[in-house]
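Sharing a structure with you now.
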């Protein structure tokens, strides 16, 4: 094994010649730069330096083996040459430290917004931007929430609601209430242990976790964290290389995942501008400018290696040939595609716009739900497929509304990241408990005992499909120069 | 009678061993803690101390006898052992004292909002939170008000309106205008004399008062405060113990209450988060944490002793067997249930969502009113039952609109508490006078002489059932991170 | 003639004994106090003093003779006993003086809002409150403006619009564009010369002025200010005393007024709370309290002497018997009443809600206009009557929209008071010129040459009757306690 | 050549006698003052001085020859008499200098709003006001943007979108994506080189530029800046003098312009009040007052020399006789006029309201588009004419929506001026690249490969024609005096 000095590494600190130390190993990332899904800028910040801390925040340990060719590994760093520097607390570090010290007690978290408020303070700016951002003007991001507010409730009274049972089955598997934790990327940005925290909390609350392709924990770690009898589903970004895709899918099935959720709404990643902005902070000036414009276009191509833009209906046959897991399409947004999914033999669909992170002005899942249910019913396909919705779920009433309109269950993502980031596993459990308590209270106040009692006529959706009121366009408003009347100059 | 020293009491100051002094008597509340409807935290704040002041703010004197077993009474406090401590004025006390000193003259109160503004300043934080809070995001709380704003008026002119008479009959009893004071709990939080203040003001203004189960005055006190010929109705939370329920109902009838209003929208108490937040202030740190989560669930069960979640239509026969008072169901929210109420022989229904304190996204009573009237008419039941609405009434126009759409009368709650809290009985009388004056002005400007002249075609309800505009979700908005365009860093 | 000393007058300074000096004459107003339409408080501020300045701001000189019995006149003040006191400039005086000194040039007034902005600074608080206030929550006040914003334009292009003519005839009288100055009370609050300023400016701009019953100039003054060939209409508040009414109407006709506009929307004055609040400033403390409540009720009765609440359709025959002026009803708000007016022989109607000062939640005139036109057409009455609208007119587009929907002309009130108050006659002329220029520009851009070319299909009124968006309820919002999520206490 | 001294010039500094130095030449502008389209005030600021800098910001060099009679030229300035004065940096200059120094890197511009934000800081107040202002209350200005927000997307998934092609043909000419730079006036206000910057950037991005009549570059300059094979269209304001019009049109054709876009929505210029306000800054006091009122009216007449208000359908025959360029009408706003345009033989129409600068409350082009497409289809004219829309385009989704509803391409104006003003040619190229990238991303996420794949059913326009929500009326809101409840005076 070759030993390389820190001084030697430090010379390779530019785009044309870029070495980085990760966990004591030195890699030449020059050729990998344009392929990096997160963009080259983020690697260039570590060029010639030890990038372990930055790497660990985002990646599972085994990713290097998967994606870097062996020749990129140059040797080990010579520990004797490393100069330890005391870490200086920045203003941002201090702000976060104080926010953590003065954090409210977990018991003061009364709803999911409380968790989000605390998370916005204790997360790094990068993590907050990555988690919270949506596409472009974030109209859809907010519409996902707002759409639920256009549904009103018609509670029935004088019914014996001493006993209420919110449990259900999802693809045949028990869930203590009709909600699963959906796949979200980069858990370690929010918590040092990453996605396994969600695995453990799901187990405690007896709900199902969907494991993400882009987790910062490895698949093995998330599988190992599983409790007895716990159910996990697997979310897949389809890789352009069919062999890689096959390897991933079969590993998931082999390790006990019970369903395959294929993401279909991301042939290209959406523009998350708040996230993009944060990346410019601290960037070396020479990385900016003319070249950057080309880089942006390059990134769009690079990502296409990881997410196949050519994925189409014909590929489903192949998927069914390589796995016996039931297949669910995540990201269906029209009744037309819902019918196709059922006809192609999928066992479920997730009505979803990717949390408002992909296409701005996509409609909310909850708005689409009645049109999907109606058209599946007309085609006689409603019983052959389960429908889930995600996006904007924050309250027990939201879950109730989705069930009333025909969803089998709802998925939840960001709120669990916020709970995890601010209070760890206990936080996630508490957040789930709040949702379950709220749902059961709503059931009681609506006069129902079980999910089967929930009927469409219990919700008023007269205005669900109306978009008279649109989320505020903050960018437009911010640059708009308001007219003001002339006054005396007092 | 055993004499107990203050030092002895002070040792019993924890959850496992909790004594409290109330009006010179020492009680062991350890076993009662988990049953306390208001939660154990509020009692634990008084553990080992004299809790008389806190007790009196909330409870009628006779409640201890009703709910505590005799063995909880340990003996009397030895007065010689009590150390008098001068009360120190806190910042909050000072803020309130000044607010009271600088209170505007009663004559400056031009509308009900003025009373609310003053009340928000002179009430304790706890009282303000308890009175003003609604369920969850308080969408329904505000919708109750907003819905009236979707009703517009079609005034007729050139009619002789020299004389205007706003009086009516409610269940056969005279009322100077079509409004009654509805049941609200914990009056002593706002005024040391509690609900009897409302009794006296109602008498002066010749309107009917509905007496609450959860009053901080005793039933006897409220009955005694009655003026000559004054009418009172009785509001009932149905206790799980039928014997207790029977005792309460028959006492009310015996003491002259003229109708029984059974609350049907509260099989479980709603989540009033502003109220919950206030309870965390000053709580000892050890009460927080993991245990608290369990407590929350416990409270939901505890309350079920006081409000029976199994109450259902079959119980009505039993109620009719134990009382000859006419029965009115308070909290009906659909035409389906309105029809059931009429068929089961109820003499009235209150369209109500409990002032937005129970189920968020329940529709407003005024929105439901036309659908209820229509369906009762279709069933031929409209003449057999009186319809009242409550929630959001603040102006004479609101009352006019309710009457035009078929209500017999409206109920009003919070505004009377605010008037009472800020100006006592005179305040309540003035507030009622304002409403009556406004109503009569509206009648005159609408071209009608009596309530019977008010017709549905005088209101424009084209948009009443539209929910394009929803009350702002402040929690969501508060945590939303608004995008901003890049600018020069000036 | 008896001479009375100032010392003597100063002793009569209370409600039970109230003398006031006006223009050197001493009056005993004790008996008149409860009858004063403006309330007794405003007179009590002058009790025992010289009230000339306050009197002149509001009343025409000849009003004392009309309404005070001769015995109220006690004698003349002895000039030798009057102590001259130097007027001290208050903070409020100073604010106004500076606002006037720093007033923008008249040419900087680009639209009517500019005038309103300046007027809000240069007017006394009392005048601003009186002019600007509307009824209760001022929903209708703002709806009058907003309703125009629900009407959109469908401009036609490629038409020869070199020549544009905006002139019209109103009741047969020429007007340079389809707008008249409507009746507004108390002009001297805004300008020392009062309503005659409007008379002169109307003449310059060749439009018609409607003379108000409650002017602070006398009828004679407004008639004398008339230019050659200038047309004036007369607005009437019907007095309960038919003899007084007859005297007023016949005087108006005799002095050349060309039409009688009878106000029919004010059988009782509306609650203008901003105006009421201002009246409490500086009020002596003893005037407040219990007595005040009674006073409020008294005022409602007192005003009924000046405005007859018994006015009804049968009275029209009598009016037609005492005058040959064409009769127009001002304040019609439904198609039903529009039809009645036509059937009773009226020559015109003003769709109006009294500038939002009477009944809150009355609909806007512009919203009512299409329904009135339609129903008159159906009844075959459209040609027998002219329709005017007022309320909310601020732009040339507003006038165009009214004409397109069938109005003969529009009335404008407050903006003229604001222009008069801030820049006098020149201001009013400039404001009128702006409106006329805007209208002609709109005509050109819409592709029309004359008012007759304006067609209903040029406006899009799809949403005119929608009230999904309601003016903000500031009182409610102000007292609403917004929920906020829990955060770290940084 | 006569030499004139600076002292001599300085004496001619008033309206009645006004000389100005431009590029070393002295002109007597007294007679020209009332004809100046920009108003006389702006010339009077330079009276008796050297106005070269102010002139160059707005005019092409050759304009003097075109519009001033030869006798206005008096002679050359004697250089020896000119006193050089050091330019003092004003507060405003300093603000701009710092804004330019601290400008973000071009790569930080993530969307068009960023450019607008930077432009608002680096432009002079005059330029910002001229570029950004709209007519009157700017309701239409903002509605142009908002209308796109009432259109939602129905994305199809599981389609092979590896390859996406956004190119199209406009009037038969290739464009890399369906967007052209529309005509905007006075480019030198934003960039010293003016419109040629847009010419060069269009070439780089392979899109078409529309050349404006009111450019501050001369036609020759813009033609010369053309790249190889680059296409330019010519926008025409029709001059009242047909000879001038003919000369302009034939020059454009001769120099290679490929289409003639005749502006039809400006028979008179709209009221852009923000722009008008800026003109009052620094104006000498004596220019204000009574005279100014007359001037305003004069300007309306003056402009009619430059833009013919008598332009009408009959003129089209004449246009077709003097040019063989295809004719497109810019500013069509109804289906009626769209049909006329097709019948008269126009090859295209631009649905446009002139960027909200002409008639306030004109509807947005995107709202009109479906009604125009429908009616042309009904008349069988849809294939004979191309439809473009402009106004409010800021995002790739906006372009996609326009294409889905039947537009051939969209025009963009202000955003290009902002990009040019803040970052020059590179800025414009970057802004265009952002739009193209966004459009291609949207196409991929919508599941389409070419523009031909984009179908009407991919957009949800249920609420497109609704105007329940109207842009805020800032002038009205600003002067509205909000009611507030009475509180304690703490």
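For reference, chains read A, B, C and D in written order, and residue numbers begin at 1 within each chain.
As a working rule, a contact is a pair of C-beta atoms (placed from the backbone, for glycine too) under 8 Å apart; a residue touches a chain by one contact, two chains touch by 3 or more.
Heads up on the chains, UniProt names are A, B, C, D = L-lactate dehydrogenase (cytochrome).
Please read these numbers as outputs of a predicted model, since none were measured by experiment.
K.L.:
Specify, for the interface formed by the sequence copies chain B and chain C, whether it is same or different in terms of residue numbers shared by both sides, with half as the dividing line.
P.N.:
Different; most numbers are used by only one of chain B and chain C.
K.L.:
Taking each chain's centre as the mean of its Cα atoms, which chain lies farthest from chain B?
P.N.:
D
K.L.:
When the C-alpha atoms of chain B and chain D are each averaged to a single point, how far apart are the two points in Å?
P.N.:
Each chain reduced to its C-alpha mean, chain B and chain D end up 60 Å apart.
K.L.:
Suppose each chain is reduced to the average of its Cα coordinates; what separation in Å results between chain A and chain D?
P.N.:
Roughly 43 Å, centre to centre.
K.L.:
What are the residues of chain D that contact at least two other chains?
P.N.:
Expected reply: 108, 110-111, 113, 116-117, 137, 273, 277, 466, 468-469, 475, 478-479, 485-486.
K.L.:
What does chain C use to touch chain B in their complex?
P.N.:
These residues of chain C touch chain B: 136-137, 139, 264-265, 267-268, 270-271, 273, 276-277, 280, 285, 288-290, 292-293, 296-297, 300, 304, 309-313, 315, 329, 331-334, 336-337, 340, 358-363, 465-470, 473, 475-476, 478-486.
K.L.:
With touch defined as at the start, can you tell me which chain A residues reach chain B in the complex?
P.N.:
Against chain B, chain A makes touches at 105-108, 110-111, 113, 116-117, 120, 128, 132, 137-138, 142, 145-146, 149-162, 273-274, 277, 394-395, 397, 426, 430, 433, 437-438, 441-442, 444-446, 460, 462-463, 466, 468-469, 474-475, 478-479.
K.L.:
Using the touch definition up top, name the residues of chain D that touch chain B in the complex.
P.N.:
95, 98-104, 108-111, 113-114, 116-118, 121-122, 468, 485-490
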